[in-house]
Amino acid sequence: MGSHTTESSFRVIGTRPIRHDGVEKVTGRAKYGADYYVAGMLHGKVLRSPHAHARIKSIDFSRALALPGVKAVVTGKDLPEGENKTVPLGEMTVNPRYLGQNILARDKVLYYGHAVAAVAAISPHIAEQALELIEVDYEVLPPVLSVEQAMAEGAPILHPDLRNEELGDVPTNVAKHVVLTRGDVEAGFREAHFIVEREFRTSMVHQGYIEPHNALAIYNADGKATIYCSTQGPFEVRGMSAAVLGLPVGSIKVVPAEIGGGFGGKTTVYLEPLALLLAMKTGQPVKMVMTRSEVLRATGPTSGSLIRVKMGCTKEGKITAAKIWMAYEAGAFPGSPVGAATMTVLAPYAIPNVQIDGYDVVVNKPKTAAYRAPGATNAAFAAETVIDELAELCGIDPLDIRILNGAREGTPHPAGPPYRRIGFIETCEAIKASEHYRSNLEGPNRGRGVASGFWFNAGMQSAAVVNIHLDGTASVVTGSPDIGGTRAACAMIAAEVLGLNVEDVRPVVTDTDSIGHTDVTGGSRVTFATGMAVFRAAEDALAQLKERAAKLWECKVEEVEFRDGKFYCKTNNATPLSVSELAKRLPRLGGPVTGRATVNARGVGPSFATCCIDVEVDPETGRVQILRCTVAQDAGRAIHPAYVEGQMQGGTAQGIGWALNEEYIYDSDGHLMNSTLLDYRMPTCPDLPMIETIIVEVPNPGHPLGVRGVGEVSIVPPPAAIANAVYRAVGVRMTELPMSPARLWKAIAQKESTRSGLGRAQHG
Amino acid sequence: MANVHIPTQMRQLCGGQELVKIPGKTVRELIEELEHRFPGVKNYLLDGNDLRPSIAVWVDGELAPAGLLETVGPESEVHFMPAIGGG
Amino acid sequence: MHEFTYVAPSSVEEIVQFLAQHREKARPFCGGTDILVQMRSGVRRPSYLLDVKTAPETRLFEFDPAKGLRIGAAVPCADVSADPAVRRYYPGLAEAANLIGSVQIRNRASLGGNLANASPAADTVPALIALGAKAVLRSVQGQREVPVEGFVTAPGRTILNADEVITEFVIPPPQRGGADAYLRFVPRNEMDIAVAGVGVFVKMEGQRCVEARIVLGAVGPTQIVASEAMAYLRGRTLNEGVVSHAAELAAQAASPIDDVRGTREFRRHLVAVLTRRSLLAAAKRAQANQS
Amino acid sequence: MRKVAVQTTLNGEPVEFLCEPRQSLLEVLRDVLNLTGTKEGCLTGDCGACSVLFDGRVVCSCLVLGVEAQGAQIQTVEGLAHGNELSVLQRKFLEHAALQCGICTPGFLIAAKALLDHNLNPSESEVRYALAGNLCRCTGYDKIVRAVMDAAKEMREREAYG
């Protein structure tokens, strides 16, 4: 693993200790949401719509309720209607009415798999049997399955009350239109020597976490509730469940279990309010666990999209103008990541003339949820393919065109302010200098492609508490569920500040009653924002320890110095004390020391990644094998490099899956045809090579340790990098994701006619 | 005078201007002044007493978590951008 | 999952007695890799699940160069593909058995189950048909030996009577100059269902093909024997042109559908590609088997 | 439904349990025996999170009935360590940071053990195919493959030098 490391004087940061929760996870002792069992627990199951779009005329669950062992049945009528208004909730915005309707359909079902009723019974098998006894009378309506269908004149309308600002009081499936402009795009095209214009399509894809959604809800007679679940955002689960059920937020405690992957998909609620509703109805604890088919049919995929890109550059490769039109499937309710897509699509580049239009479009498919750098991957697939084509027309290296046009400190972001110090160019240079990029790729039907990506990263709210124990060890308490090693990063930051060994700092992820509000584990924010809170909480603890030492030594606190893990008195020759030596004396020096800090973090530094992928195509079958893959990403500062690499590798692997085989396949009635992991084809171990990583460290000036988020951006480049590699291997430009064998074979077969059709390269 | 960058879809309310220089010590004051000059801006940016959840304000190159209460300096650059969520 | 009774018989005799009594209500199973998934989704709802592998006769594994190969219906695919005799004399069968699912699946899935499940995409079925394998069926009425070819009559349907069970497979002895091969196409490298699969057997005398069998999987409601292509190859020298023409004939014999795993057009094309590649692989092996 | 009494050997210890015939071995391990280290990911045999060793062979416990465990030897992730001493594989997974969320880890450890039990010198390709039935969505498999190869190396050395 390569590393561009800045000179550092850190003792703990930058090392690779064994994660604190590791032993529990390799011995099977770690408790994930589905691993909780309580006495008297019932099991809940959900009845789901067999139609993509239908009106619910009636629901008769009397036979289900009569089945021995069944304790309760609930339908949409059991939920309050909720306010039809977008309200902020932590990182996200939420429309309580839509959220409630997604959890249990009210008058209409809007996608295949939409929840219609839920049952609680004494065993999961009985609950399943009860579902078969619920009779729902549907009036089936025509489904809308693509953004084109949804935006067409006279399209069936999903939400009769949906309006957008532009159209005024007219029913529509377009929830939002976002426009970003800079300069004069037509003038920019007039300056261009080469112009490329292409249209791209991408399918809905799922986050694919291995652990299905789960929840165990306990409701007590005093009106207090506890929910155990695997979530990225326990505070969001609390807020959303309260909103959906019309309960006071403070009446719910959420205990975050270990979480088996999320990638954005576990930042919202599906089962949690349902389990609580059933628990309220029965007076017994209710546990619910989704099947894989439910996960794929009814939890957040990310948007499929239609994107048109027109981009022009000078003979030398300087991009003069870009015009982009993009429509994203929101799923059944408004809220695709198209806003982020408009703001990320050109973010790595300094382009003087830009026009970007984005549309958020509802369709009869599951409501989309966040997925790793939401919106950015679809958009980068389009833009980064066109940039590759421009490089080819100019006859320059695809990395050089990126460096030539690349954003640097001071370059204005296409939608807003100038960047502070960023590391985009450095990621390109790192790939350019890599052994991989400099090596020769030999053999027929092989090709190499590169692409880059951008993600904002997020700051937001976090709280942290650092407790100094009497033996000189410490615990770090946060509210950030640990998906990929953030506990270790938090412990390392505290250990660094306090001069402790990292093993002597125990990281704890606690429940919503035991720590201040902490936003989701998402937006690549935990090591950045929660890490910042931990850093300050540790500093707070250290300041208190200095006061205690001053008390002990009867000197002024300013005279106490802390270095190399020891407290010294600058004015008398008291024997220096380590943290553990001082900790022992705390009872007589005023009692325990607890450092604390809360942040609504400022200073977020965006991330860039550049990826290089070699492929081999079987031209007879259209099958692509990834031969080699290297990714360079700016981490700002890698606290635990092994888990930074892990994020880069995992994101890259998801990008590769998105590129090659992952897609939601619907029939013309809107039934999802591939709701198993056999037919929703995520990469398996033999599908991937080792994923080589280059951690670039351009410290973020906005963070005390230079940290940027690392969790998301690496998913962005691979689809475009693979499309560009496929082009070099077999001479076809793929404009649709996934580049599945059938599609690629067809494109190869139609190679000659394709050139005059879809794509257009012209001299301006 | 802070430099307020007007997002594309708000420009029609602001006589097509991309950049407006206005006085104010907080984002709230800037918006009040904008509304004074260009009626309708407030409704575009605010829902009741706070920024619309779909809009984020950036001050001097940084997302401003305090929103309307964010203080601005005499030379500050202020951008209104779509709010985003991460995965 | 619905309620059912599990029965673990200790002999084939017990199995057939039970089947005679309960007929359609009972379903024999081996590895459960298909039936349990189907029962969870409500596709099949047997009242009795009859664990065939607990009868020792179904675990039989015998090879004799003169008599051929006998494999119990419940032998896991992992054992079939790992067996030295199968790898040496029936490499196409080893290939097919080694492609099903993952290690976990192959440790449970059996040839008997793969056949009785009657999926058009079953990997071992074209390989068995190409080898001219027969299935041994038992009932209280007695025993019959039927060719694997024609056993599957439609997706999920077979000629098996409600009181019958597959106990073993009989595969003809290896022939001098003969060899088999199986290839399938899947988008991933493993853990996938065939988009198309082709099992072939060829017998060579020098460069000349004296016998060829080509069996197509996943491109019709049942496995398809590409008779025209087989007849065309007989007596011809297997050069690139001849093999390509046979592959085209095989593609014409396919009657694929559009589904979630592939389009009609793509599948027909794949048949040609896989037929050509598997014929060349089998011919190479057959030539090596001549001495 | 009448329950069936089953005697089996679980992680080397004799165990007796009652289960319905329709309960999978996975359900029995988790819901009846409280061994929740074995995870549910798909219930169709496609993800490998529920992998256990059944008479020494790796299988998906979601596709095995609990009643089939009668007389069998079952080994789960809970049985990999010897008391407080982690197995080489477990240790290597930690040293190589071969887990992120950890939900697939028990299944990978079991599948890797099944490989190394009969092949202490696997190639990278052999490791990848032996683990093909186990999906991991976090790591891109890189560090998992390295951990298994490194475990094999240490176990080879241990064998060679006693």
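In order of appearance the chains are A, B, C and D, and numbering begins at 1 in each one.
Rule of thumb we're sticking to: contacts are C-beta pairs under 8 Å (C-beta built on N, C-alpha and C of every residue); 3 or more make two chains touch, one makes a residue touch a chain.
Keep in mind the model is a prediction, meaning the values are calculated, not measured.
Engineer: Could you tell me which two chains share the largest number of C-beta contact pairs?
Structural biologist: Comparing chain pairs, contacts are most numerous for A-D.
Engineer: Could you grab the centroid distance between chain C and chain D? Build each centroid from C-alpha atoms only and quote it in angstrom.
Structural biologist: A distance of 29 Å separates the two centres.
Engineer: What's the distance between the Cα centroids of chain B and chain C, rounded to whole Å?
Structural biologist: About 69 Å separates the centre of chain B from that of chain C.
Engineer: How big is the gap, in whole Å, between where the Cα atoms of chain A centre and where those of chain C centre?
Structural biologist: Spacing between the chain centres: roughly 43 Å.
Engineer: On a C-alpha centroid basis, what's the spacing between chain B and chain D, in Å?
Structural biologist: Here chain B and chain D have centroids separated by 56 Å.
Engineer: Multi-chain contacts only, two chains or more: what residues does chain A have there?
Structural biologist: In chain A, residues 125, 207, 262-263, 678, 683-684, 686 touch at least two other chains, as defined above.
Engineer: Specify, in ascending order, the residues of chain B that touch 2 or more different other chains.
Structural biologist: As it turns out, chain B has no residue touching two or more other chains.
Engineer: At least two partner chains per residue is the criterion; list those residues in chain C.
Structural biologist: Chain C, residues with two or more chain partners: 1-3, 189-191.
Engineer: Mind listing each pair of touching chains for me?
Structural biologist: A-B, A-C, A-D, C-D
Engineer: Quick check on the complex: what are the chain B residues that touch chain A?
Structural biologist: It comes out as residues 5, 7-9, 47, 50, 52-54, 58, 60-66, 77, 79, 81-87.
Engineer: Which chain D residues qualify as touching chain A in the complex?
Structural biologist: Going through chain D, the ones touching chain A are 20, 22, 30-31, 34-44, 46-47, 49, 76-78, 80-81, 86, 90, 93-97, 99-106, 109, 124-125, 127-129, 131-146.
Engineer: Spell out the residues on chain A that touch chain B in their complex, using ranges where they run on.
Structural biologist: 86-88, 91-93, 176-181, 207, 262-265, 267, 337, 339-340, 342-343, 370-374, 415-420, 455-461, 522-525, 600-604, 702, 709, 711-712
Engineer: If we count contacts the way the header does, which residues on chain C are in touch with chain D in the complex?
Structural biologist: These residues of chain C touch chain D: 1-6, 8, 31-33, 36-37, 39-40, 49, 51, 76, 78, 101-105, 107-108, 189-191.
Engineer: If you look only at chain A, which of its residues touch chain C in the complex?
Structural biologist: Those residues of chain A that touch chain C are 125, 128-129, 132, 620-621, 623, 625, 660-661, 665, 673-674, 678-679, 681, 683-684, 686-687, 740-742, 745-746.
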